[in-house]
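These notes open a run of structures that come right after.
Here chain A shows up in two complexes: once beside chain B, once beside chain C.
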Partner chain A sequence: MNGVRSKQLLFVLGPLTGLVMFGAVIIVATFLTNREYREPDRAPIAIVDPTPRASGLADEAAAADAAAKAKPYVEAEYRRFPVVGSRVAIWAVAQLHLLFAAFVLAVPIFALIIEVIGYKTGDKRYDRLAHEFSKLLSVSFSLTATFGAFLTFMLIALYPKFTNYLMSVFSPTFLPYVLLFFAEAFFLYTYYYGWGKFHPLVHIALGAGLNLVGTGIMLIANSWLTFMMSPRGISDSGALISLEDAINNYTWMPINVHRIIANVAFGGSVAAAYAAFKFLAADTDEERAHYDWMGYIGNFVAIISFLPLPFAGYWLAKEIYAYSQTLGLTMMGGAFSWLFIIQAVLIGNLFLGANYYLWLGMGRVEGAQPFQRFVKYLLVAIVLCFMIWATPRSIIATVSEIRAMGGSTHPILGFFGVMSAKNTAVNILILTTFMSFLLYRRTGRTATVSWAKTGQAVQLLIFGAAAVFVIFLGVYGYFVEASVRIGLSVPQVSSVLFAMVSISVIDIFLFRRPKLTGEVRWGRIPAISQYVLIFIAVTFTWLMGLMGYVRSGLRQHWHVYGVIRDTSPDAFTPTLGFATQVVSVTVLLFFVLIGFVFWLASLHDRPDFEAGTKAS
Partner chain B sequence: MTIPLPARIGLLVVLTTGFYTYVGQLVPQKEVQPPQETAIRADLTTADMVTVGRQIMEGKGLCFTCHTIGKSGVLRFPDLDGVASRAATREPGLSDVEYFAKSIYAPDSFIVPGFNPGMPVINKPPIGLTDQEILCVIAYLQTLGGTATVTLQTSHRYYTAPGAIPPAPPDEKAEPGEKLPLTLPPAQKGETPKAPAAGPTPGKKGEV
Partner chain C sequence: MNIPVVLAILVVFAFLAFRKANLFILALAWWIGAFVFFRFGFTAPIPASVISIYMGIVSLATLAFVSSSEQRREEVSRPLLRLMTEKRFAPLLAATIIAIPALAAANVYVQMNVPIEPPFFPRTIHPASPPEITVHEKKISIDLGDNPFRELEKSNPQEFRQHVENGRRVYYQNCVFCHGDNLAGNGMFVHGLDPIPTNFADGDTIANLRETFLFWRASKGGPGLPEEGGPWNSAMPAWEKILKEDEIWDAVLFLYEFTGERPRAREEHAQ
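The block that comes next holds the complex of A and B.
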């Protein structure tokens, strides 16, 4: 009863307060107007000379008018963003745009693959899972577009001259970009809202269209940013000679490939984090089972995509060196060399987290104990590789420590700081993680094919041979000249890829119609595994931010490397400490926003307001 | 007391990013400023040029990103200790100054055995050293195992000092080790000496 009265009172008080405030404004305005200086009443100006004050005011107004009319137009080269400066503002907005764009491009790729698996197998769970993934898309798409527009306006406002130059080179690509963007919106919303409304093949075709258009958008945008790093198709002064060359510059295709793989890995990890969030918030065993499975699939997508990523990175680095040795050396031996130690910590954590999740996951399968005894060996291998990879070439030390070591390089640890050791470590790390996957695949089932023992022996042989070959080349690298040593990374990478592909092919045939020895109890996994999934997602996001910084920061004081110089106050390269702070703030902002996306997506499952009121 | 789920997840996200930020503070912190233009006064002595040359190599030239002085073992690029004594005899027919100039203006035309091509073109963007700055660098290099002799009036096949006799244009087809013409054609009065093209443009691999 009291509540109703209060509402009635508020209903009356609201307009009353408005009226009082309106009256107060009138009174204050009248008070101020009454005290304004006014010219005394005089005869018309033609008869009486104006007062000195009046003529002074008239002169001032005339001078101001003349000055305004004579003001020359000066084209601004830069404008300053308040407090944080233009570079940091652009950096944060661009990073947020790219993170959401990566997510929006990645999710349709694996949602489509899962949908196709569901269609082929007739298993409705896959269809439901793919739909669940796509729930995250629509809001993320809006945020991507919003940040894209924000970035464009910021570039025009803060870096007008440089933006104008980029437009002069790439303006023919803008119309296709916009048209593709419209097509992306069409496919995305039709794909999402049309779930279950069309024939499955029509829906799959919509998903394929969404992926094709999304990739097209990314390829165009990549041409702009890679041109800034490795410009081509222009004269010495920057005039456009060939748009085709400007698009297809040295780093365009490596970045395209690197980004597609990295986007899928990142998207998988964020989708797995969503599943983890839903798992932890689940009320029933059924929900837990579903989200455990979803988290597993998301993480599987992330890690499987992550394994070839270092190889795509090698290619990109190779092309950077091929374009400009200076750029390559700035990256690996100059201002950014220590950044790769931070990267090693991140990637080491990713491998540790991914393996730990798999090992925890073995617990949900009955009869997994025989495989769990291998975990300790895998852990030792991963930790050793991690330590080698994170060992810097030269160590930060005091003068006395440097004297004791006989130089800035440690007499023993210094051997682990060179590329021979690091290439070996990362390749063994990849092989070890692949082994974890193989062990996980074996839990709860036994191969029944007649050649099972031979097949497993061959797999073990290939794995062992690849590991020995990689280590042999790593050690051999210490005894040969630089010109030979650089080439050794190719056979190392090739042998690991060969091992992964050949063992996987054998595994597929080996486990056709296996004998099931234990049931997979989805949802029966410790809660800490879900926090590991979130940790992996945060690490992936942070890694994306860090590597985005090195790709862009590599140009140092150039907007377009070697062509358009950055003469703004932000032209310097900041310390790595500062860069990591900016990356962290951006990552936190991203997780606040993606948390909002998760929350919106989870509203689907809630009962509607009316039903909830009636139930209560 | 149970911490609500969003708070637990938020804490994990904050702690993880905090940890990586902390790692970022542990590595050496260096702010790299854009290279400053070094003022080369016309009255610089050879000794002054050595000092300026060292500064350029440490800064704008980015030389020590790759090269070392007095380091042995596994190296990606040649160590410069004693380079002056090697430069005079590295290529038959080339003086130390000519050899240094060739290494800087056309770095891929001769590769030290055991190393890969990797030296960028120094007199074009993004590094873009001027001819005078390169003379200073040569002066400093001459002190690494020898004595500096160059002045701002020194000419070589890639640069003609103001008022000096312009040298013959570089023979780009010359094979490594081929003897260069030691006699120079006389300059025409009023002719502006022209610096010859220097090496490949970025991205194009030069002939070794």
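The block that comes next holds the complex of A and C.
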């Protein structure tokens, strides 16, 4: 009974206790709430009138919010690259892209030629040589593409408005460009990895395809950059009228020709530098012999391609004048004219270096002594031509020197500063270099054909006649008007080319079955010759950088000459010293990177790593 | 040419050839002979900047020659090795060691010991013209334009002569004071001007330029020179403020007629 009562009591007391506890919580909470700080009662006006600071902050936030919402989309004209500025940044990247692109276009040209020679003659050495050259391709191709992408992003990021304009004109060329790029990757890797895996003719066809596609890519890219210099096919406001005219502008074809030739010369010189590097690092006589021969071939390719380059340069300069007298004068008589003196010094050094290498190369051949006596005469001709070519038209002179000369032009040296003298000098330089090569070719061999003496006399006659004709036209050029004088360069060039071709043809028949008087001892050449090869490669590269700056800098404060004005903070022509510093740093970067390519290529020949052994 | 200097150099070389001098001595003689020839062999002295270029070339060529064959390398290094290793040459070696820095010091002294001169501003010979100018409210294309009276030379020689004669009058009334009677840039004011006025009669300058270029220079003068390559300091007035357009074209015709030069033709785009 008691138990039942207790349960009933608990049933009643439970909810009651709960209610009491709830009430207690409410009371405690109310007590605490009542003790919380409360704002004193104020007049209504004080509540709606915040402090000046709070008001200011609120207004500022509201204004910022409104401004953010109302901000219009404005296309950026320029963006700034940190530290060095946009121009130097784009300059260096474009130059590096171009140098690698030139190398990647050039190596397949002469690799293919050497491969064809190997196929025709059956001499396996040529095939191995071509394969070794092509080893440098795949990494260089990747670096070219990387720098190309880098350049594109830099253009879009730093020069968006100008890039947008170029895209508006040339967008139809982009898709073919990309497709050709894919085709180039296909041909390049198939050509390289397929070496010895296909029938030789199939492999040669792959090489031809690679060259064709590579040239196509270059032609498209050339249209973009030459348009910037000599725009055509557009309205007065810059709207595109004819894409064909925009592509085929005044300087497009001269640049195409100039670049194809220069690329081969440059590629040959870099490949020769690679051989020199390997020669100097070689441990055995066999290796030295192989790399000496490789360096010789690379240098031969470089110099043979280099010989017609000045004429392609003249054509380009003529078209620049034809497009705009202003551009022509800026280039040859104005702010950029001194760069051509630097160019003359570099090219003169190239000729001197090339001849010097051939003279040193005579030491490889037994019985070359009789030919050494001609060296001093060749050297005198080279020095005289070099001096004439490097004589500036606008001489740097102090006031007293100018007064002593009787004016800003020297009465005698003034004659050397103009085109007649320069053209003559370069033609004689080319003939002299050709003569050095011819002498080198004869070392260790004697002609046995019955008409040997007559043949050699005819060769000498052609050589002499060409030299006299070139000098005669050079002197004649002083007595005729400028347009005729410029035209005289054509017969000058023609006579030199005729002399080189005809003398070579006679030489081939003259030495058909020669009597060998001395053996060619490949690898027996002083180490200095290898440094000459490296010097030639560096000079070529520096020259490309310098002349690339001249071509691009001529536009001065225009992105697209006469159409899109450069309004960036960099719209001024840098000093010659600054320009040469940028070129030098870029060339240095290129050689660091190409050194990396050489090193990667050399890994191919190393033995595989095995634990516990040291790779040699 | 300074004939006595040239003859002296030739005599020295003839003597060395007669004595069959060693290659080292010959190379040294070539180098010194070249310097003496460039420095003292011309009556109108060659500026130092050009001598530096020439001597750089001579130095490279000399080094290339003496090292171009094993025999030459051996021949040129033999006296040097003997000088450095044989005891009897010790005094000569000591003298050489002292002479090299002494010569360098002497060169520095000579380079620095020059009379005080006004600062030198390297200038370009031909400033670049603008593609187009406005003269007397008329736009004239420098790149694509031509002298409007040049065609009269063939179509109407008589009228052409009248323009040339008018140009002569314009020249001798306005330009002669600076550019001179014979157009050689040696007028009576020339000694007060730096840069000196252009010499039209040098057989080269105006022959390399188109007539529109000369028109631009005459009409816009010193104030119209481009910013590139400045400061120009040219005293040439802007003749458009004094002369009519036709008078300037006539003066340009006269410059070519008087000197016998032909103006540069416009280059044509090769199709």
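Simple rule for what comes next: the second predicted complex is superposed on the first by the 539 of 616 C-alpha atoms of A that agree within 3 Å, B and C clash if a C-alpha of one lies under 4 Å from a C-alpha of the other, contacts with A are read in each partner's own complex, and residues count from 1 in each chain.
We take it that a contact is a pair of C-beta atoms (placed from the backbone, for glycine too) under 8 Å apart; a residue touches a chain by one contact, two chains touch by 3 or more.
Here the structure is a predicted model, which is why all the values come from computation and not from measurement.
**Q** Answer with clash or fit: chain B and chain C placed together on chain A by superposition.
**A** These partners clash in the superposed model.
**Q** Could you say whether A:78 touches chain B, chain C, both of them, or neither, answering first, second, both or neither?
**A** neither
**Q** In the overlay, answer first, second, both or neither for which of chain B and chain C A:411 touches.
**A** second
**Q** Check whether A:186 is in contact with chain B, with chain C, with both or with neither, and answer first, second, both or neither.
**A** neither
**Q** Under the stated touch criterion, which partner chain does A:323 make contact with: chain B (first), chain C (second), both, or neither?
**A** After superposition on chain A, A:323 lies in contact with both partners, chain B and chain C.
**Q** Does chain B (first) or chain C (second) touch A:558, or do both, or does neither?
**A** Touch partner of A:558: chain B, not chain C.
**Q** Have a look at where A:348 lands relative to chain B and chain C in the superposition and call it first, second, both or neither.
**A** second
**Q** So, does A:281 touch the first partner chain B, the second partner chain C, both, or neither?
**A** first
**Q** Touching A:224, do we find chain B (first), chain C (second), both, or neither?
**A** Neither chain B nor chain C is touched by A:224.
**Q** Tell me which partner A:119 touches in the superposition: chain B (first), chain C (second), both or neither.
**A** Neither partner.
**Q** Would you tell me the residues on chain A in contact with chain B in one complex that are also in contact with chain C in the other?
**A** 250, 322-327, 329-330, 333-335, 341, 345, 396, 418, 478, 481-483, 486, 556, 562, 573
**Q** Note which residues of chain C are touching chain A in the complex, please.
**A** 42, 44-50, 53-54, 56-58, 60-61, 64-65, 67-73, 115, 117-118, 120, 122-131, 142-143, 185, 194-196, 199, 202-204, 207-208, 210, 212-213, 228-229, 261-270
**Q** Chain A touches which residues of chain B in the complex?
**A** Contacts found on chain B: 5-6, 8-9, 12-14, 16-18, 20-21, 23-25, 27-35, 62, 65-66, 74-77, 114-116, 118-120, 124-127, 202-203, 205.
**Q** Which residues of chain A touch chain B in their complex?
**A** These residues of chain A touch chain B: 230, 232, 250, 277, 280-281, 322-327, 329-330, 333-335, 338-339, 341-342, 345-346, 396, 418, 478, 481-483, 485-486, 531, 534-535, 538-539, 542, 556-558, 561-563, 565-566, 571-577, 579-581, 583-584, 587-588, 591, 595.
**Q** Report the residues of chain A in contact with chain C in the complex, numbered from low to high.
**A** My answer: residues 250, 253, 315, 318-319, 321-330, 332-335, 337, 341, 345, 348-349, 352, 355-356, 359-360, 362-363, 369, 372, 375-376, 379, 382-383, 386-387, 390-402, 404-414, 418, 478, 481-483, 486, 526, 528, 556, 562, 573.
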